[in-house]
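Heads up, the next two complexes both have chain A, just with different partners, chain B and then chain C.
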Partner chain A sequence: MGRLPRWADVILTPLISVLLAFAISALVILAIGESPVEALKVMVEGALGSSYGWGFTLYYATNFIFTGLAVMVAYHAGLFNIGGEGQAAMGGLGATLVILSLPWPHWALALPAAMIGAAGFGALWALIPAWLQARRGSHVVITTIMFNFIAAALLNYMLVNVLRPVGSMDPASANFPAATHLPKLSEMALAFGITWGKNTPANITLFIALAACVLVWLLIWRTRLGYEIRAFGKSEPAALYAGISPVRITVLAMLISGGLAGLMAVNNVMGEAERLVLNSVEGAGFIGIAVALMGRNHPFGILLSALLFGFLYQGGGELALWTTIPRELIVVIQALVILFTGALDNMVRRPLEWVFARSGKRD
Partner chain B sequence: MDFATVIQILDSALRLMVPLLLACLAGLYSERAGVFDIGLEGKMLMAAFCAASVAYATGNAWLGLLAGIAGAVALAVVHGLASITFRGNQLISGVAINFLASGLTVLLGQKIFGLGGRTPSLEGAARFTEITLPFADALRGVPVLGRIYADLISGHSVLVYLALATVPLTWWVLYRTRFGLRLRAVGENPASVDTAGVSVTRLRYAAVLICGLLCGIAGTYLATAISAGFVKEMTAGRGFIALAALIFAKWRPWGALGACLLFGLLEAIANRFPNLDLGFVTVPSMFMNALPYILTVIILAGFVGRAIPPRAGGEPYVKER
Partner chain C sequence: MSLMKSLLAGAALTLMPLAAFADPALIFDLGGKFDKSFNEAAYQGAERWKAETGGSYKELEMQSEAMREQALRRLAETGANPIVMTGFAFGEVLDKVAPDYPDTKFVIIDTSVDKPNVQSVEFSEEQGSYLAGVLAAEASKSGTVGFVGGMDIPLIHKFECGYAQGFKATKPDGKLIINYTGTTPAAWNDPVKGGELVKAQVSQGADVIYAAAGATGIGVLQAAADAKILSIGVDSNQNHLHPGQVLTSMVKGVDNSVYEAFKAGADVKPGHKLMDLASGGVSVAMDDNNKPLITPEMADSVAKAETGIKDGAIKVHDYMTDNTCPVK
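And now, the complex of A and B:
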């Protein structure tokens, strides 16, 4: 089998995989008696047709950038972190504790502190699985799944028994003080005299997410640690031989991964809900898996696929609103994207390799 | 706590154990053959939906069981294709299957029944009803043993007894048949099985299909015996608890029974006493719900004996290497 040219490996294979996933999604829509074209129209109209739609699309995309980057960093170290959901939930707890424990005078002061709280709690939640994998050889996939459930239980306990304000029946924390509210993109646009995305949750965290993309790229491809992470992910024995400590890389990669997942809380807890509620992550941790796989574990790819999933998420909500298609359609699309870009990769790659090997011979 | 309460809790533990046990044994076949499966949850969910839909449409629980098995096996085939034929990442495939089931069940349920993802309630023959074992009522008067026989052992649906019978059956298949020997070998060292002239692919597919079959029964039990119909996300993490039980049991059938019984008991106690008062401290229900996961992590950490998975687990077999 000949190897694929680089452009085919980086662009063509994932593109075909995603198209296959969408084609089957279209068949699913047909099977439930709806028109895929109509559905797409509603989705595009609802998610991209107005600044209101864009405001939500960008808000969701911000979440997915963080969770996608989280999966990516672990993936480069050869670790599959399915714990983004729990880590993001714990990030929410961290941000909430930071914001509610001090009387912050201004959001610009609260933001870095909340970021540290969110990333710290997320990283801490990834630390135990990482340590168990590195020291005791227990599989990080299983432990991160378990930690998702433990996080949900812990969060439930904290909200019901500790953080719930006196007299409130709702399992949620107190509302964050007005001084800690992050500026929304719509308010920032208004400052420039532009009316854009009124009443949408997209906020300043988007820029933090974009910065995170750049920083993660620098980390993985331009630093010594990133090199060690990639070397370890490619071949553990080779990395060991080169003097790279498996324990150190496993723990560091998972800490960074958990920290990135935790940072998502700045967007959804601090930026949107402005209090901590049950299940605030809403599956974004899992969508990160699809985003990272589709983005080929590269920050730029992740940015694009996070935007696509932001569009799907917002469009899916619109579908549920205007048609009889439930928003669970998005879960199906997400599953198919994971299946085709992640697990059935060889199904696309093998015929392509064959095609390229044949055309190569003819030249 | 009196005797009647103990019997009630054990009875409820037995019921709650069944789906865990079936899913755990399902995972056992698959993982013993070297195919990791974190898609047990999805297969159970799909089976629960198919079983409830067909049982409602036909009014026959047995047809529901067939449909449930078909639903789970279909997803098992997808997992087999991804992880055996196309040598993809088995963990990613499992994740995809969980989401596929979670989305498709609601999508189809809404389309067919229009109840927001639920199926209508099942009644009569559409459910697996409780069967009374012979002499159960006559023997109830016998102290202790009579009560145990009549109220604990008797009075379950046929699927409960089927699940319990699967444990010795699995032990026998695994340790006393040629198929079982090869199955275990293919999970430890597939190259040796291949050298002996036995197809690794066929063995692994067989294991994955058995896994689908058992998940199908587990899902059917959830939708047609424990409850009366399908509800969105009704598996509620049981597939992952089963996975935890499998590790707890160190991939052995009798161990699986013990682990699932323990986890079933935990769930039953958590249901019965939402806030468990131990005198010196009150244990919140959230802690009881999280206990299976916490226990698994402790086991995984190797503090209570080491759990070593089948050696070739998770790795696609490449013949020509």
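And now, the complex of A and C:
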């Protein structure tokens, strides 16, 4: 079996996997008595057909970029961080505490502080599983997923007993002051005289997410720490032999990972809801796993697959609104994408390698 | 005048193709559409409108707290008018969204939102619950009755307090056991825990239990029927769920509110609407299913309490005015 050309490895394999997942989803839609063509039309129309749809697609994509990058950084260190959900929830708590505790005069000042709060809380939430993994050998998959539940319970407690304003019945924090509201992409477009995506939640955080993609790329492939992370991820004994401390790398990689997941809160808590509500993460932490797998753990791939999942998420919402196809079907499609890109990767890869090997010989 | 009006309306219809899309819409909050209680009452109202007018409406069921704003905006964006939403939890979100869609009318049930295009419908649950308390006191043989609330919020304390007042007014030395299912919206949809709370209350001697807990109440009524004690349903008429074992139901006219909002269409009157006993907004359900349970004396006491509340002789304290209850 020859090796695949790089473009086939990075683009063709995931693309075929996604197409296979879509094909099976189409069969499922047929089986419940709906038209897959209609469904696809509704999804494309609803997610990409208008600037309104794009506004939501980009908003969701921003969430998924952060959680995808979080999974990626841990993955390069050979760690599987399933705790993005809890880390993002704690990030929301961190951002909320920062924003509500000081009278911020302007969003430009509140934003960096909220980012530090969000990333800090997210990183701290990843620290304990990381330490347990590094020092005690407790598997990070188990501990991070358990920490998701602890985060949900802690958030419950904080919203019901501490952050809920007096007189309010809804377990949610107070609304953030108007000065801390982030500029929406629609407002920025309007400043240039363009009417785009009115009333959509996509906001300036998108650019932070794009910057994070570049920074993570620099970190993993252009720094000493990134090299150590990758070396450790490839082979722990070899890394140890090279003088790389497993404890240090495990903890650092998980801190960065948790921080990235926590940063998502800047988008959904500060940028969209403008207050902290229950379940604000809405599964984005788990979708990050799919995004990272599909993006082949490369920031550029993650950007593309986050866009795809943003489309799936927004299109799925439209499906629920306009057709009798339940929103849950989107979960089925997401699951199929994960199945094909993650678990059944070789099913697509092997035949492709074979095809390329054959055509290579002919040349 | 009316000819003029219909002519104008006709002209408006032909001029604005958009009007054809102006279906009303209904959003159910967490707890599920078929909770046999609060949300289902709203659904029944919408279905009644559909059956009578042959119109169609859009509906959305909330799956998570964070989706509320998107859902509301999406519906408003599609041109749905009016948009009715059930549940106090939409208050904050509607407060933010309503000004962005000044031409859309919104109706919110169970809380008030002060916006020029919003109709807020609130019910005097304490009055209906008072009557339920009177019935519970007369039906109880042990002298101990129970209350199972859903989410621990002032709104449900309002039910509890009305119930306690009716109970104590009839049976001053009676004992009332109070439990809440939880502190988050998940408490509206936890029938298993509801059933457990019933078992705990039964072991303390309760033989009539009032559930004000959305879909959690299904579990309360079931566990009460299993334990061969009486229960009291809420929001919808739930007497039929366990015929002969549900003493009565404290019915909130959520269905009527939805029906009337849909019927009024885009002409829904903004402002506050208080639905109390006198206006038929709340009542205790009497039908064939609970007929054998209601003795003539009980019917008499309820009728007396009803007239008393209506003419002001009996003042039922509303918990939410000062977050306290005069009886414990």
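Some notes on this structure:
Rule of thumb we're sticking to: the second predicted complex is superposed on the first by the 349 of 363 C-alpha atoms of A that agree within 3 Å, B and C clash if a C-alpha of one lies under 4 Å from a C-alpha of the other, contacts with A are read in each partner's own complex, and residues count from 1 in each chain.
As a working rule, a contact is a pair of C-beta atoms (placed from the backbone, for glycine too) under 8 Å apart; a residue touches a chain by one contact, two chains touch by 3 or more.
The model shown is predicted, which means the values in this text are computed figures rather than measured ones.
Applying the stated contact rule after C-alpha superposition, one finds that A:L27 touches neither chain B nor chain C. Of the two partner chains placed around the shared chain by superposition, chain C is the only one that A:V277 touches, whereas chain B remains out of contact. In the superposed model, A:L102 makes contact with neither chain B nor chain C. Applying the stated contact rule after C-alpha superposition, one finds that A:F80 touches chain B and leaves chain C untouched. In the superposition on chain A, A:A211 contacts neither chain B nor chain C.
In the superposition on chain A, A:N156 makes contact with both chain B and chain C.
When the shared chain is aligned, chain B comes close enough to touch A:I289, but chain C does not. Residues 156, 160 of chain A contact both chain B in one complex and chain C in the other.
Chain A makes touch with chain C in their complex at residues 52, 56, 156, 160, 168-172, 175, 199, 201, 268, 272-275, 277-282, 317-318, 320-321, 327. Of all the residues in chain A, the ones that touch chain B in their complex are 28, 32-33, 80, 82, 128, 132, 136-139, 141-143, 145-147, 149-150, 152-154, 156-157, 160-161, 286, 289, 293, 324-326, 328-336, 338-339, 342-347, 350.
Looking at the complex, you find that chain B touches chain A at residues 38, 78, 81-83, 86-93, 95-100, 102-104, 106-108, 110-111, 116-117, 237, 240, 243-244, 247, 284, 286-287, 289-290, 293-294, 296-297, 300-302, 307, 309.
Against chain A, the residues of chain C that register as touching in their complex are 58, 60, 63-67, 69-70, 73-75, 77-78, 88-89, 91-92, 96, 100, 111, 153-155, 183-185.
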